[in-house]
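Paired with chain B in one complex and with chain C in the other, chain A is shared by the two complexes that follow.
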Partner chain A sequence: MTRWLLPGFLFVGALATLILIVGPALYAISLSFYEQQSLTADPIWVGLNNYATVLGSAEFWNALGNGFFYAGVAILLQVVLGIGFALLLHQSFRGRTLLRGLAFLPYLLPTVVAVLTFKWMIDGSLGIVTILVDDLGLPPIYWFETESAAMMSVILVSVWLWTPFVTTTFLAGLQTVPVQLYEAARVDGAGPIRRFFHVTLPMLRPILTVIILLRGVWMFNKFDIIWLTTGGGPLGATEHLPVLAYRQAFTLFDIGNGAATATLSFLVLMVIVTLYFWLFPMDEKK
Partner chain B sequence: MSQAADAKRLAGRASLYFGALVIAVYSAFPIYWMIASSFRPAREMLTNPSLIPHTITFDNYHNLLAQTDYLRQFANSSIVALSTVLLTMVLSIMIAYGVTRQRMRGKQIIISGMLYAYMFPPLLLAIPLFSMLNSIGLTDTLFSLVISHLTITMPLGVWFLWGFFKTMPFELEEAAMVDGCSRLGAFLRVVLPLSVPGLVTVAIFAFLLSWTDYTFALVMIGSDANKTVPLGLASMVGAFDLRWGDIMAGSTLIALPLFVAFIALSRYFVQGLTAGAVKG
Partner chain C sequence: MTDVISLQTLRKEYGSVVAVEGVDLEVAEGELIVLLGPSGCGKSTTLRMVAGLETITSGRLLIGGRDVTKLEPKDRDIAMVFQNYALYPHKTIRANMAFGLRMRGMGAAEAAERVASAADMLDIAHLLDRKPAQLSGGQMQRVALGRALVRDPAVFLLDEPLSNLDAKLRARMREEIALLQKRIGKAMLYVTHDQTEAMTLADRIVIMRDGHVQQIGSPLEVYDRPANAFVAGFIGSPEMNLVPATLDAGQLTLADGVRLSAPEDVGAGPVIAGIRPEALEPSDEGAPFVIQGVEQLGSQTLFIGTLGPHRIRVLAGRRDDLVAGATIPVAAAPSAIHLFDPTTNQRMGSTV
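And then the complex of A and B:
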C-alpha cells in the first residue's frame, strides 16, 4: 500500500491527463486533416486541404486581425485602468476594505450576466444609459449596430469584467514593495510620478509581465463575450478566431475547417507567447 | 503647517475620495442596476427609471420560477458545478501530490504540460470533445459538461496545488510515518489538513469556472431539460418579448451564490488570483 500510493496517484493522474487533455488536443489536430460532411458521415482524409481553405479565405485573416485588435486594446485598457485602481486602493482612506471588495465584484459575474445587464442598460428605449444620453441632449449611441461601435462596445464590456484581475494582482504586488524605497526616493526629491516610474514599476515588473501574459492569452481565446454580444457581427466586424472556429464547426457543420482554425489559432498564440518570453524573460520563476 | 500646504493636503484628500467614488460607481452600478431592476414592478420599468425603485415587488422572481425552466436549470448548474469541484479536487490533489513527492524523471514535462493546457483555446478542446462524446452518444448530458469543465479546472488545480505541496516540507510526513502512520495515513492526516487553504482556493475557482461557463454548455447541450443557467438565460433573450425584469431576476439569482461565497471567502479569491490560478 505504502509503496504503491504515489505511483497509483500518478497513474490515475496520467490517465486523466490523457483522456481530458492530451487525447482531445491530438484528436482536434487529427480532425483538421479530415473532411466530414456531417457529424454522422464517415470522415475523409484530405491532408492539408482544410488548412489551405482556411488560410485562403478572407474570413480567417479578418478574424486574426480582429482578434489582435480586440485582445490588444482590451489588455491595454485593463492594465492601465487596473494599475490606476490599484494605486488608489493602496492609499489609506475610510471605506478602503469595502471599496476593494466592490472593485472585485465584476470579476465574479458570469459573462452572460454582464452581457445581459449591459444590454438592458443600453436598451433602445428603456435603458438607463439610453435615457441618460438622451437627457444630456446627446445623439443616440448605436452600440452594436455599426462596425466600429460594435468592437468598442465589446471591448468596453470585456474591460469592465476583467479589470479586477489586474487591480487585485497589482494591488497584492504593491503591498510587497518595501516602504523604505519610497521614503528614500522622497528624500531624493522624487515626486509621485517619478516614484511610480522609478520605484513601483521596476519593482513590480515581474508581476506585470505575468499579468499581461495571462490576460493576453485569455483575451485572445475568449469566445463567450463576443458570441453573446455581437455573434461576430455586424458584417464580421467583431468576428475573431474563436468565433470563426465555432461558426465553422457548429453552424456550418464543417468540423474539419473548425478544427483547422482552432489549431491555427493555438499555433499563432504559441508563436506570440514564445516571442513574449524571449522579449521579456521571466527571471523570477514562479 | 502653512496654509498653502494645508490646502494642498485637503485637495489631495478630496481627489482621493473622488477617485474612490468613481471606482465604486464604475464597478458596482451595473450590479446594483441588475438587482434593482429585478425588484421593480413591470409598470415602473416602462416609465420610471428612478435610481431607487418606488415599490419593491417579487413579481419578476415569481414569473421567472413559474413560467420558465429556471429551477431545473439552477439544479443542473448545481449538479454540474459540484461534480466538477469534487472531481477537480480528487484528481488535482492526486496528481500534484504524486508529482511533488515521487522521485521521477520527466516531472517537469507534466507540470509544463499543465501550463500549456492553460493556453488551449476552449474551442480547440470543445470541438474534439463534442466529436468524441457525440460518437458514444454522450453529448447533451450533464456528464459531458462535467468532462468539458474538468479540461480547464484540472490543469489549474494541479498547477496551484503543485505550488502548494512543493513548499510543504517532506519531514512532516516522515515524522508521521515514524510515529506509525502509513503513507496514506500521513497524507490524509497530516498533508491534507495543512493544505486546507490551498484546497479551498482550488474549490472556489473550479466552482466559479463551472458555474459561470457558457461556451461548453453552448457546444454540448441541446435540449431544454439539460440547460444550465447561463445557457438558459442567454436563450431567454431571444425566446419571448424582452422581459428585462425576469431576465434581471434570473441574473441576480445566479450571481448571488458567487457574491455570498466572495463575502465569506474573499481572502481565498485574492490568494487564487495572485497565484495565477485562474482562467477567465
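And then the complex of A and C:
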C-alpha cells in the first residue's frame, strides 16, 4: 500500500501538470507556426512567418519596452515601499498588530475590485479624488487620457495592490534576524542606516532575491490590471506583451501572431530569469 | 588606583518588575569581575546596562571617570562578546573584526594592521578570509574575542561567552581568556551562571539573586565566608550541605542522637548549618552517616547518604572499602561549619 503511495501521488501530479499546463503551452506554441483566422478555422502551416511578422512590427517592440518599463518601475517601487513599510511595522507601538493586518488588506482584494474602486475615485465628475483636486483649486488630472499619465496610473494601482506582498514577506524575514546582531552592530558603532545595510539587508538577501524574482515574473505577465484600466491605450502607451498577444488573438482574431507574441514573451522571460539566477544564485555558498 | 568602571545604585525596572535592584560596584584597572548567579538574577541585565543595550532606570554609570549613563553603546569605550558570538554571517572574519574600527572611521590600512595583530594573538590568522559558518564554535568564540580586542576599549564585557562550547573546550577557552586578560591588563566584566568559571577566572565575584547583590568578594572570600545561605549553596562543587539544626553550647544537634561539634561563639538556638562535603570526613567518632550511594571520582570518593533525616554529601579521599548501606561516623572541624540565621539566611558569628 504505502509502497505505491509516493509514486501514485507523483503520477497524479505529473498527469495534472501535463494536462493542465504542459499540454496547453505546447498547443499555444504550435499555434504560432500556423495561420488561423479564428479558433474554429482550419490552420495553415506557415513556419516562422508569424515570428517574422511579429518581430518586424513596431507594436511588438513597443509592447516589449512598455513591459520592461512597467514591470521595472512597479517592482522597484513595490520593493522600496514594501521594505519601508516593513521596517515601520517592525517597530513596537500600540496597535501594531491591527496595522499589520490592515497593511495586508490590499493584497486580498481582487484586481477587478481595486481597479473599479480606483476608477470611481478618479471619475471625471463624481470621483472623490477629482472633487478634492478641484476643491484645492488644482487643474484636473487626466489619469488615463495622456500616454505618460496612463502608464503612471497603471503603475500606481499595481504598487498599491502588491506592495503588501513585499511588506509581509519582508516583515516575516525581519523577525528571523537575531537581535544580537543588531546589538553587536550598535556596540560596533553602526547607526540605524548602517545597521540596515550591514545587518538587515544582507541577512534578508535570500528573501529579497525571491521577492524580486516572483514579483518580476508576475508584473511582466500581469494582464488583468492593464486590460481593466486602459486596455493597453491610449495609442498603445500601456500595451505590453500579454495585452498585445490577447488583442492579436481575440480582438483581431489573428491566432497565429498572438501565439507567436505569447511565445516570444515566454522566451524573453526565460532569458531574464536565467540571467537573474546566474547573477543572484539562490543557494549562495557561505 | 583609579576605578575604570563605577556602578552607582544601578537599577532596572521593566514596568512594575524590578530586574536589578541598585547595584553598587567599583572596578579597578585590570580587574576581572565575574557577575554570577542563576538565570533571571539580573546579572545579564546589569552587564547590558553597562554596555548601553538596556536603558538605566536610575543610578549612575561612570566609565573611565566619565558619566556614560545616557550614552549610546558606541560612545562608552566598551567592547562586548555575546553568548551566541553575534558574528555577521555574510562578512568574512577579517571584515567582522574590522567592522567596529571602520564604523569609527579608522583607515583600512590601520584597521588591517590591528586585525592582523589581534588574529595572531588569538591564533586565528589562518581563518581571516573565511565566513563564520565555516568555523567551529571554539573558533567563532575566538573571533568574537578578537572583534572586541581590536577595538582596544577601556572595558571588556562578556556575556556568558563560553556557554555554547563543550566542556573540554570551555575549560581551555577559560584559561585563554584569563591569560589574555592579564596580558592586556584591561578591566573585564564577565557574566556567567557557572560557579567554576567564576571561581577560576575572577579577581572578584559579584553574586546576584533576584536583582539583588548577595556578596562581592574574591573567590576564596566567598568560598570561605559566604554571606548567606544562598551564596553558600551556590559557590563550591559539590554543593554545600545546608541542614536545619539546633545550636547549644558548642554542640550542633541535627536530629536525635546526631550531633557535631560546632563553633562556640555564636550563642544558642535554631540555625542553618552549612557544611561543605569536603569538610566532612569519616572519623572514629561523630554523627552516624548512612551511605546510600557512592560516586568514584578517581582521586576522591563522593558519598551520598543521610545524617538523621537530612540528605547530605560527603567528599572524602579515595575509599574503595565503603559501599551503599554501610553506616560510618563522620565529623567536621568546628571552624569549617558555617552557621546561618534560619529566618534571614544571613551568616552568623565570625567563623573563619
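As a working rule, the second predicted complex is superposed on the first by the 275 of 286 C-alpha atoms of A that agree within 3 Å, B and C clash if a C-alpha of one lies under 4 Å from a C-alpha of the other, contacts with A are read in each partner's own complex, and residues count from 1 in each chain.
The working rule: a contact is a pair of C-beta atoms (placed from the backbone, for glycine too) under 8 Å apart; a residue touches a chain by one contact, two chains touch by 3 or more.
Worth saying up front: this structure is predicted, and the values here are computed from it rather than measured.
Participant: With the two structures overlaid on chain A, would chain B and chain C clash, or do they fit side by side?
Facilitator: After superposition on chain A, chain B vs chain C: fit, no clash.
Participant: Once the structures are superposed on A, label A:A190 by its partner contacts, choosing first (chain B), second (chain C), both or neither.
Facilitator: second
Participant: Any idea whether chain B or chain C touches more of chain A?
Facilitator: B
Participant: Using the touch definition from the top, say if A:H198 reaches chain B (first), chain C (second), both or neither.
Facilitator: second
Participant: From the CA centre of chain A, what is the angle out to the CA centres of chain B and chain C, nearest 10°?
Facilitator: In the superposed model, the angle at chain A is 80 degrees.
Participant: Please work out whether A:L275 is in contact with chain B alone, chain C alone, both, or neither, and reply first, second, both or neither.
Facilitator: neither
Participant: A:P106 contacts which: chain B (first), chain C (second), both, neither?
Facilitator: Only chain B is touched by A:P106; chain C is not.
Participant: Once the structures are superposed on A, label A:F118 by its partner contacts, choosing first (chain B), second (chain C), both or neither.
Facilitator: first
Participant: Of the two partner chains, chain B (first) and chain C (second), which one does A:A52 touch, if any: first, second, both, or neither?
Facilitator: Touch partners of A:A52: none, neither chain B nor chain C.
Participant: If you stack the two complexes on chain A, which partner ends up touching A:Q180: first (chain B), second (chain C), both, or neither?
Facilitator: After superposing on A, A:Q180 lies in contact with chain C but is clear of chain B.
Participant: Rounded to the nearest Å, state the minimum C-alpha distance from chain B to chain C in the superposed three-chain model.
Facilitator: Superposed on chain A, the two chains' closest C-alpha atoms are separated by 6 Å.
Participant: Across the two complexes, find the residues of chain A that touch chain B and also touch chain C.
Facilitator: 286.
Participant: If you look only at chain A, which of its residues touch chain C in the complex?
Facilitator: 178, 180-181, 183-190, 194, 198-199, 202-203, 205, 286
Participant: Help me check something: in the complex, which residues belonging to chain A touch chain B?
Facilitator: 1-3, 5-7, 9-10, 12-13, 16-17, 20-25, 27-28, 31, 39, 85, 88-89, 91, 93, 95, 99, 101-106, 108-114, 116-121, 123, 126, 128, 131, 160, 162, 164-165, 168-169, 172-173, 210, 214, 217-218, 220-221, 223-224, 227-228, 241-242, 245-246, 249-250, 255, 258-259, 262-263, 265-266, 269-270, 273, 286
Participant: Spell out the part of chain C that touches chain A in their complex, as residue ranges.
Facilitator: Counting only chain C, the residues touching chain A are 51-53, 72-74, 78-80, 82-84, 86-91, 99-100, 103-104, 131, 133-134, 147.
Participant: Mind pulling up the chain B residues that touch chain A in the complex?
Facilitator: Counting only chain B, the residues touching chain A are 13, 16-17, 19-20, 23-24, 26-28, 30-31, 33-34, 37, 45-46, 49, 91, 94-95, 97-99, 101-102, 104, 110, 113-114, 117-132, 134, 147, 150-151, 154-155, 158, 163, 182-184, 187, 208, 211-215, 218-219, 229-230, 233-234, 237, 242, 244, 247-248, 251, 254-255, 258-259, 262-263, 266, 269-270, 273-274, 276, 278-280.
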